[in-house]
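Look for chain A in each of the two complexes below; its partner is chain B in the first and chain C in the second.
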Partner chain A sequence: MGYPHTSHQRETAVLSQYFGDEEARTLDGWKKRGGYQALEKALGMSPADIVNVVKESGLRGRGGAGFPTGMKWSFMKPGDGKPHYLCCNADESEPGTFKDREIMRWTPHALVEGCAIGAYAIGAETAYIYIRGEFTEPLIWMERAVEEAYAAGILGANSMGTGKRVDVYVHKGAGAYICGEETALMNSLEGRRGNPRIKPPFPAVSGVFGQPTTINNVETLAAVCPILMKGAEWYKSMCLSNPKSTGTKLFSVCGNLRNPGTYEVVMGFPFKDFLYDLCGGPLDGRRFKAVIPGGASVPIQTMEEAEATLMDYEGFVAQGSMLGSGGVIVIDDAQSMVRVIARLARFFAHESCAQCTQCREGTAWTTKILERIRDGQGTMEDLDTLLSIADNMTGTTICVLSDSCATPVISGIKKFRPEFEALIHGKRVHSVMAAVA
Partner chain B sequence: MAEAKMVNLTIEGRPVSVPEGTSILEAAKTAGILIPHYCYHPSLPIPGVCRMCLVEVEKAPKLAPSCATSVAEGQIVHVHNDRTLEARKGVLEFLLINHPLDCPICDQSGECELQDFTYQEGRADSRYRDPKRFNPVEDFGGDVMYVPNRCILCTRCVRFMDDLAHDTVLNVSERGDRALIGKFEGKDLTHPWAANVIDLCPVGALLSKDFLNKARAWELDRAASICPNCTQGCNIMIEVRDNSVARLKPRPNEDVNKFFMCDYGRLNYRWMNRQDRAELPMVRNGAGLASADWEAAIHMAANLLRDAKPFVLVSPMLSNETLFLLTRLLQRKGGTGVFRVATGDEAPLPGVEDLALRRDRAANVQGAEILGYTRSDSPLEDLGSDDILVIADDDLRGMPVEAAARAKAVIVIGTAIPDGLENIAAVLPISNFTEEEGTFTNLRGRVQRFTQAKAAPGQARPSWLVLGDLLGALGAQDSFYLPSDVFADLAAARTEFSGLSYDELGMRGLPVMNAEGGAVR
Partner chain C sequence: MSARGVGGRESPDMASHDGPGHNSSYEPVFAGKTREELDTLLGRYPTKMAAMLPALWIIQRERGWVSEDGMAEVAEVLELTPAYVKGVVTFYTMYHQHPVPKYFIQVCTTSPCGICGAEDVVKSFLQHTKAGELGVPSPDNKYAVIEVECLGACGFATPVMINEEFLESVTPDKVPTILARLP
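The block that comes next holds the complex of A and B.
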């Protein structure tokens, strides 16, 4: 079901099936709902077989990049004498994204189970769940779930009585957006400043504590359990558009719309139906103006683009954006796009780790210019400067925070230029007034 | 050792062949191409953060940071094409938006990499119209002050303190454009090697308090030299303004000091400028000393030494050449050669093997020992009343005057006249090591050249020249026109130095025979 609203009939509840069901949070309740059968099954399989099933299912990383999970797992080479680690990236800080939070709040054992399976599949003895510092409530549930799993012998030296060791630790971040970047997350986990590391070496070669590491998103790991239980074919069959995007995806929707919340749909679902039917459409008297479909760092879509989108990795790219983390931010005609973009830029300027020059200086400069335009102090040259800065900030830094800041600026100026120009020319058009008139 | 596999690539159209694993930036250096960079330093871990060294590698989608990208067979690298120049222009503009552009009052001006690269390929103007970030100047302790407004956050200083000094004092505080170099609570840059962060800083953010506002970089004359303040023999540059040493800077030498020198060595230079120097040759005239011309003074000294046994007290700050010529003096009639050394605590730079401020605080202790001088804490103990005491640049400070007064007569060959000695027969003023050329032997037996940095005061002459003249007056047949001639004689006379010459030594030095790795051809 979707949360907090009741499930819409067009949703496909796989991961969100027990959202809102308080009993599912406990070990007993989770077992009653079929929990830990997937782990039991996994421990009876060879790690290579598990990787193959995941590969076959077509599951791709749900954190934003969409890298095939099975292939990522196959980069790990067990038996090289080194310790191996699994990291679960639960540092869900992308503005507008709150799908992992719901998984951890309502079905913490799904993640524990997913971590245990993942760790076993890649030959890791230890899994870390790195939870965003602000997620105080999910942290409580996750810690409780891990504690219960240890007490029940599901985790520990003799995991589920198989003699195989699986340890899961919950680690609380200190509240930095950048620690959601996988290499920054590893630094943070090690107790260092959360700065992204230069790649190569990639985590599979040198990750946490310099050892081979795989990092997976919460939703990715949670999805492994149903895949193991119901099979790759079942998962692969959930696909409405491009066969490279399979399964279901959680979308967290916020902004100016009637029913914000978390929704789960099959890959390839029409975005138009999603917005107007599932999410209830715009508020009274308003019209949708723009959508940021995958968290703050993907290009902004106009409504024409959004309404033509099929919701999968390729579908969003085809319509000028990206699936990203699945954090849908809807903006209606009462909002000023300049305000929205300036606020996004301020966020990135605040969260830049300060390593790379382009990001450290560029995000702040972008913010200053945008806020100047917002306040009616901009010039037409500022728009050219913004685009030039954004160009310099793209593809030149260690991580993609810099690109993420440039993205809404470039797409915003390109697609909503008249709003910028109106502010620059002193015509402070309040679009809701215009709409009413 | 197995030969490293060589990788062939093309950088800016030039074929380059370097060992596998070399970075593109280092490979370019071998072809004489400097890829502009800030955060990269060969002695420090590579963070790849300044994004200045981005180059275009053909077939790669993105520009690559050349400091952190290894060479690959057949790579074609462009350093100065439109795309990379545009990228660097962008970085330079970003670096300058919050920079105060206060070059006219900045000590780094003239030797600033931000200045250099901006002149070279930066924008002529800035498009930045908003207020600049401001942070107050901070005292970092030791000799270091921090001007955060000029900082480009390259983190070289942080990495030096963490990885080489093993003293975690500095950090990057704050995030985004608020970021600045911070100091951990209660910590200061008091590590004995901390001032190296000043040299590592590519801009004017970390400055020497000692050198603050003393000179502009372009007013300084520079001479390659060796730090005389301990037996490590760090390679240095002596930087002189108006015939006065203004500061010492380390000079890279992979085999001795890498890129560094300690704070003690760096700041202990004021004695090189002392004003109470012996400037004129002098001879005894009744109760006092009267100035004389060089011939008269040399003649007087030669007369005293002609049939007497000399007792030579040398300074371990003298060059191999001078110490060698003094051994010639000792060989004539027999005699004793002694020296003493000031000592202090050893202070290593833990991240670099065999690099420390050494206990013995003089440049040429090893040279003096190889040449047969005896080290002693009370060197004049055995001085006899028939001896002619030759004091070669020891100021006798800390020694009882009576010890030297015992001698029949004293000949001073030095930079200054020792206080309170009434039996001085002749004074032969010499230049100090900044005013002449020569070699020192460091504690590992490495012979290294130093060159003249400034002019000697008055009529003072190079020590090797004075001793050559003195030996000539005593009938020696050799004639020395250059310090290299003296060294050639030394190399011929002493097996330890055999095979060495000024040309062979170059400016990086070579080990003497018997020293580790000292297989002299």
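The block that comes next holds the complex of A and C.
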């Protein structure tokens, strides 16, 4: 981890190499560290060749879905006579996730460069970086980096003297978790309410402004630069488990542990070593109880599951969860799982765009019932009601916010049922927090 | 969490006009340099409407909040209806639809921060600003404290935003010092 602690020897710092290095934030500093060589190289290649290198590297989307990046780019048909757009999703709002924030505040030029390469590869002249409004500090660094890149002729009508046009603009969001959903992001960028759109049409056919569009996460685009410089084989060779998960991944870790922060490890790294060695294990006198490994939207893991996990897309699925965004929330034995889940439900209820009935009603009722149980007013029937609502909320709506709210409820009741029952039966012995309350 | 209803006060500015169109005393924001700023923004997008969020941000920067008149002005410059603009404004939590006190304090209390003691940070702000209650301005009308959903800095629990300033790793004991250095 580059910041605020020194990198751990078992980390593989590719994207995080310059975290904490003030000089890397400036154009001069970035160039001294080899910056913009990847863009120069890219502009000398054909877009199809770039797409092939990315395909070959095995890079998959780092925002949560894990869709192969090269394949996503190949959906953008060259020469269709339409303007193409690249949107960089920097609306990082998934609870537990703060890795993109580190990329943007420490290595803003890495993202500008990645955006420029991505735009060129998909035949776009314009890339928009949609940053959540609350990221005031990353916004300053990103705007400064874009300005520097224009002044140096890296961006603009004649990018790096090649005669190719690459524009990158920073677009500030205004407070809405749902705008991290790609179709909501496009609506928001167009100046609309951030309601997700029904797919199809998929963005590559009709995206922002009705034109072919690709949406990529910050970390995904930043990873393209080292892939172009060092090659697909190098990237692919970074793999400790399943060959479908390659390269390094940033994991932001928070909650009840000794060393929270952003860590970078090779895909397939043992989660147990990660939690107890890299992250320093639990706080004094405490024990880990549960982990939400990929942002608030993924199933909760028990420690048995977490400790058996190899950290890649397949590894988390094999142990009852998902890699998601790589936002690891660690929960220790001083916490009440009911409180944690009730607060997550409140988050989703607040952030629901309210288009779909199952989500608008489901998130609100889930919150109400969970808070009732939390306050000792619940009944055993409430647990069945919660599961029934969760069932109705899964796979039935335009986007997955509804599913995301149901996920911790379903996995929480399944894996930590005694805690719910203890509160319902008026026992307050399961955790320090509840005992104090 | 929305800033809506902060203070529960009647704003004298708000009373006279609930329909579209400008109050006669309204000074437009988009004039001179600010108009040039908007024109630069318009050049970035293929539609005028796409400058919506940036235009609203400018209104809020210049006036401290987004009034009905401000929405009507954005509608005018982007060739939209005031009702449409209002529909957009109300979707996003960061646009203030009412004037807010000088220091608008947002404390993240979503689960990752919640399990690290964010609620005690909220209590400390409420106590030291003398605001007492969430969303209610302090007696000197200098502060308002609200809970906010995930600020995306969970490893730095508890993150707090005071207007545009982003603070990390705030603990209850740091609150008096933080407040003391606000002018």
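Just so we're on the same page, the second predicted complex is superposed on the first by the 428 of 437 C-alpha atoms of A that agree within 3 Å, B and C clash if a C-alpha of one lies under 4 Å from a C-alpha of the other, contacts with A are read in each partner's own complex, and residues count from 1 in each chain.
Definition applied: a contact is a pair of C-beta atoms (placed from the backbone, for glycine too) under 8 Å apart; a residue touches a chain by one contact, two chains touch by 3 or more.
What you see is a predicted model; the values in this text were computed from it and never measured.
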**Request:** Scan A:172 for contacts with chain B and chain C and give back first, second, both or neither.
**Result:** second
**Request:** Name the contact category of A:396: first (chain B only), second (chain C only), both, or neither.
**Result:** first
**Asked** Of the two partner chains, chain B (first) and chain C (second), which one does A:72 touch, if any: first, second, both, or neither?
**Response** neither
**Prompt:** Where does A:137 make contact in the superposed view: on chain B (first), on chain C (second), on both, or on neither?
**Reply:** second
**Asked** When the two structures are overlaid on chain A, which partner does A:415 contact: first (chain B), second (chain C), both, or neither?
**Response** neither
**Request:** Answer with first, second, both or neither: which of chain B and chain C does A:193 touch in the superposed model?
**Result:** both
**Message:** One more residue to check, A:350. First (chain B), second (chain C), both or neither?
**Reply:** both
**Message:** By residue count, which of the two partners contacts chain A more extensively, chain B or chain C?
**Reply:** C
**Prompt:** Residues on chain A in contact with chain B in one complex and with chain C in the other?
**Reply:** 176, 193, 350-351, 353
**Message:** Quick check on the complex: what are the chain B residues that touch chain A?
**Reply:** 46-52, 54, 61-63, 65, 68, 87, 90-91, 93-95, 97-98, 127-128, 130, 152-153, 171-172, 174-179
**Fill in**
So, in the complex, the side of chain A touching chain C is made of residues 83, 92-98, 101, 132-137, 167, 169, 171-177, 188-194, 209, 252-256, 260-262, 296, 327, 329, 331-332, 335, 339-340, 343-344, 347, 350-351, 353
**Message:** Using the touch definition from the top, list the residues of chain A that touch chain B in their complex.
**Reply:** 176, 178, 193, 198, 349-358, 360-365, 368-369, 372, 381, 385, 388, 391-392, 395-398
**Prompt:** Okay, in this complex, where on chain C does chain A touch?
**Reply:** 1, 44-47, 49-54, 56-57, 78, 87-88, 91-95, 109-112, 114-116, 148-157, 161, 164-166
